[in-house]
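Take a look at these structures.
Heads up, the next two complexes both have subunit A, just with different partners, subunit B and then subunit C.
Let's look at the complex of A and B:
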């Protein structure tokens, strides 16, 4: 079943076109990796899926992006509700300048999910457990989230995102600022999260894409060159460009 | 003459830069240098200029007192008082300038001639000695230049010394000012008890008008005169009114500029706000005194309230308007510098713009915002002109914003305007007030720094 369907998506930054006619279907409860050289538009496409491009003044998006068969690019789409359903993890861990607890409780509070203090405590603990962070921080959840290590901060951001139970989680190179051990922990976590969420991950590392994803899309110069199961893309791509990129001939 | 010597030193130092560099370039043609040729130029220029300039400066500082010593040494055996000697010396100097109109004595005439003579000798020997030092040191350095002279290190050390002296000058002047305040204040408190100053409820410095010296030391003269409570209260009260105006408007406009305003609007509005910060306070002062004060008085009349034409409200309100641009501009800057990825993080959680501002951006920018507010408070406390013009000079102890009141700064102005003499408690009271003001702003700054530090530890 397709969770997300993108049809004829074009993106412009001012006069410059960043994405050309992207058509892509994304399956539910799978990890879809978007790969490609720098500046190929994979992050731009990711940001189309929760309308984060709205934040950038000069950015214009056209085309249809359907999530659960609903076109999110309509004028009257409520982006607050959309982003509640489609969470996002960024390249650089960006915990809020608050305590670990407040970082997690932020989402449930602004969306009015928890009715009581004890319910909130449960959400915080559950989110931290799911993000495999609870054991490390349970004694200091009232200390600043910014005091954690880079890998812990990124898992805190994941916990923050899953606290409001989004259906889709977008990850924009979530491990690029982390060391190999922290990266391994996050990758393990991604596989775990797939049970409850649909995950789309932009990555520079082809080995990471191969390790964590079931489907892969290859972008080049703002175009989606090829998309399919990760196995097929890495072992038997149909396009020459994909072949060249996978084997490291460019990019 | 002095400026000619000075210019000569500068010009010679500049030209020796080129000689030094040229020599280095010549050496370079067959040997490897330890530094770039320009360092050889700097090296020679420093050797040329620095010693000569130092001697020139020291000479200029000490010359007058040495000349004075020689002139007055003729009379040291006569047992004259210090004051009489001073007077005599002043007469000698004015006679030598042909500006003397008093009684001429043979002694005076002789000393004036001697004085002129000495000045002449001093002047020419200064030129000769300074220039010969310059030539000697330049020559020494020039002959020392070879391919392996260390030039980079001395130049660096010299520059380090220049930077050090600059900061030393800043620190020493500050310390000097504090001590001059301190000494006068101590003298003041020898006449007026500290307790009366800090807890006294009446401030009427005009009452301490001393007719002769015997009265000046009589403490009973000053009872109920220098009680600073009313003016401290007035200072904080007016500052409070000012901050009530400045903080909300400044902060909200800063947030608007940083988060909501379009690029175009920001481009034009921000400079306008900053121009507001450049308006001289005296202009705000007459705005308060001539426009706001009478307006409030009329408004009060129509509402049946008694409003003084010189009310604390007018002064504080206008002072608040003056402080708005500081708070607005500074908080705009700190909010703009909050990293975009925090905003993105919040938006990606489905937060609205105002939720993001309230719950993520303001906490992250808080140290800077608190800093800007405290800066505003120190300005409000130190502001003089608006208060002098708009809030009156009578130190009433009141908490009614519609009455007139006075502040520390305004009272210092009142005390020091017109005739005053040193050693008089009335004048020294100004120093005591100045020191109190200094202590208040110092404490405020320390609190501000520690608040900022505390939040910074929490948020970074």
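Let's look at the complex of A and C:
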């Protein structure tokens, strides 16, 4: 079943067109990787899926993006509800300069998810466990989240995102600021998370795309060149450009 | 006491107004000609000589609204007009220093723009704004010119009970006493200056402390 369907999506930054007529379906409970040379519009496309491009004044998005068959680009779409359903992890870990506990309790708090203190405690613990961080921080959840290592901070951000149980999680190069061990931990986590969430991950590492994803889309100069199962894209692509990119001939 | 009341009035007017103005300009206002125009004017206002504000106080507050002369209330309002641009500039600078990644984090969690601003951006910008405010106030505390104009000049030797009573303020006191030729006033002027200096040093120290204590290191 398709969780997300993008149809004829164009994006402009001012007069400059960043995405050209993107059509892409994204399957539920799978990891979809977006690859391509930098500046090709991967992040831009990702940000179309939770309307984060709204924040950029000069950015104009047109086309249809359906999530659960509902077009999120309508005028009266409630972006707060949308972002509650579609969480996002950024390239650089960005925990709030607050305690670990407060980082995670923030989402449930503003969305009124927890009814009591003990319920909140449970959500915090469960989220940290799912993000494979609980064992490392359980003795210091009231210390600042910014005091953690880079990899831990990124898992904290993942815990923060899953605390409100989004259906979709967008990840924009979540490992590019991390060392190989932290990267391996996050990759393992992604595979675990896909049971409950649909995941779309932007990565510039083709080996990472091959390791974590079931489907892959290849972008080049603002166009979606090819999309299909990761196996097929890496072993037997139909487009010459895809072939060139994955064999490292450009990009 | 005259100075103290003036400063309190000044603080309670200038700080909230300036903070709201800065938050609006920095977080909500669209970037267009009109906001550019306001921005230029705020910067200009910060450079206007204080005596002009004194005249404004005289003209508007005393003449138009008929508030009582030489009271800390009027003095404070005049001084707050004077410090307003300074505080707005400080507040905007601190709001700008809050990294966009924090705003993005909050927005991506489904916080509305208002929640993002109130829960994250403003608290993080507050220390910087506060130290800017104190510096603005310290400047106001030492101002003489606008106060002379609104009549905080009378030698009032009773301690005012409320901001509505007439009172003298430190810098004006110094100004008047230094003018008087009689010998006895030399010591009084010196004492007054010491008190004023002490207050100013104290306030600037406070500003520095706040800055150091709360300054966030962004990595």
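In this text, the second predicted complex is superposed on the first by the 251 of 251 C-alpha atoms of A that agree within 3 Å, B and C clash if a C-alpha of one lies under 4 Å from a C-alpha of the other, contacts with A are read in each partner's own complex, and residues count from 1 in each chain.
To be clear about the criterion, a contact is a pair of C-beta atoms (placed from the backbone, for glycine too) under 8 Å apart; a residue touches a chain by one contact, two chains touch by 3 or more.
Model, not experiment: these values are computed from the prediction.
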### Message
Is A:37 touching anything from subunit B or subunit C once the two structures are fitted on A? First, second, both or neither.
### Response
neither
### Message
A:144 in the overlay: touching subunit B, subunit C, both, or neither? Say first, second, both or neither.
### Response
first
### Query
For A:157, is the partner it touches subunit B (first), subunit C (second), both, or none of the two (neither)?
both
### Task
Return first, second, both or neither, reflecting whether A:107 touches subunit B, subunit C, both chains, or no partner chain.
both
#### Entry: Which superposed partner A:88 touches (first subunit B, second subunit C, both, neither)
both
### Summary
Both partners, subunit B and subunit C, contact subunit A at residues 50, 52, 55, 57, 80-84, 87-88, 90, 92, 94-97, 106-107, 110-111, 146, 157, 160-161, 164
### Query
Hey, which residues of subunit B end up touching subunit A in the complex?
263, 339, 341-352, 355, 359-360, 363-364, 458-460
## Note on the structure
The residues of subunit C that touch subunit A in their complex are 30-31, 99, 101-112, 115, 119-120, 124, 216, 219
### Query
Of all residues in subunit A, which touch subunit C in the complex?
50, 52, 55, 57, 80-84, 87-88, 90, 92, 94-97, 106-107, 110-111, 146, 157, 160-161, 164
### In the complex, subunit A residues that touch subunit B
50, 52, 55, 57, 79-84, 87-88, 90, 92, 94-98, 106-107, 110-111, 144, 146, 157, 160-161, 164
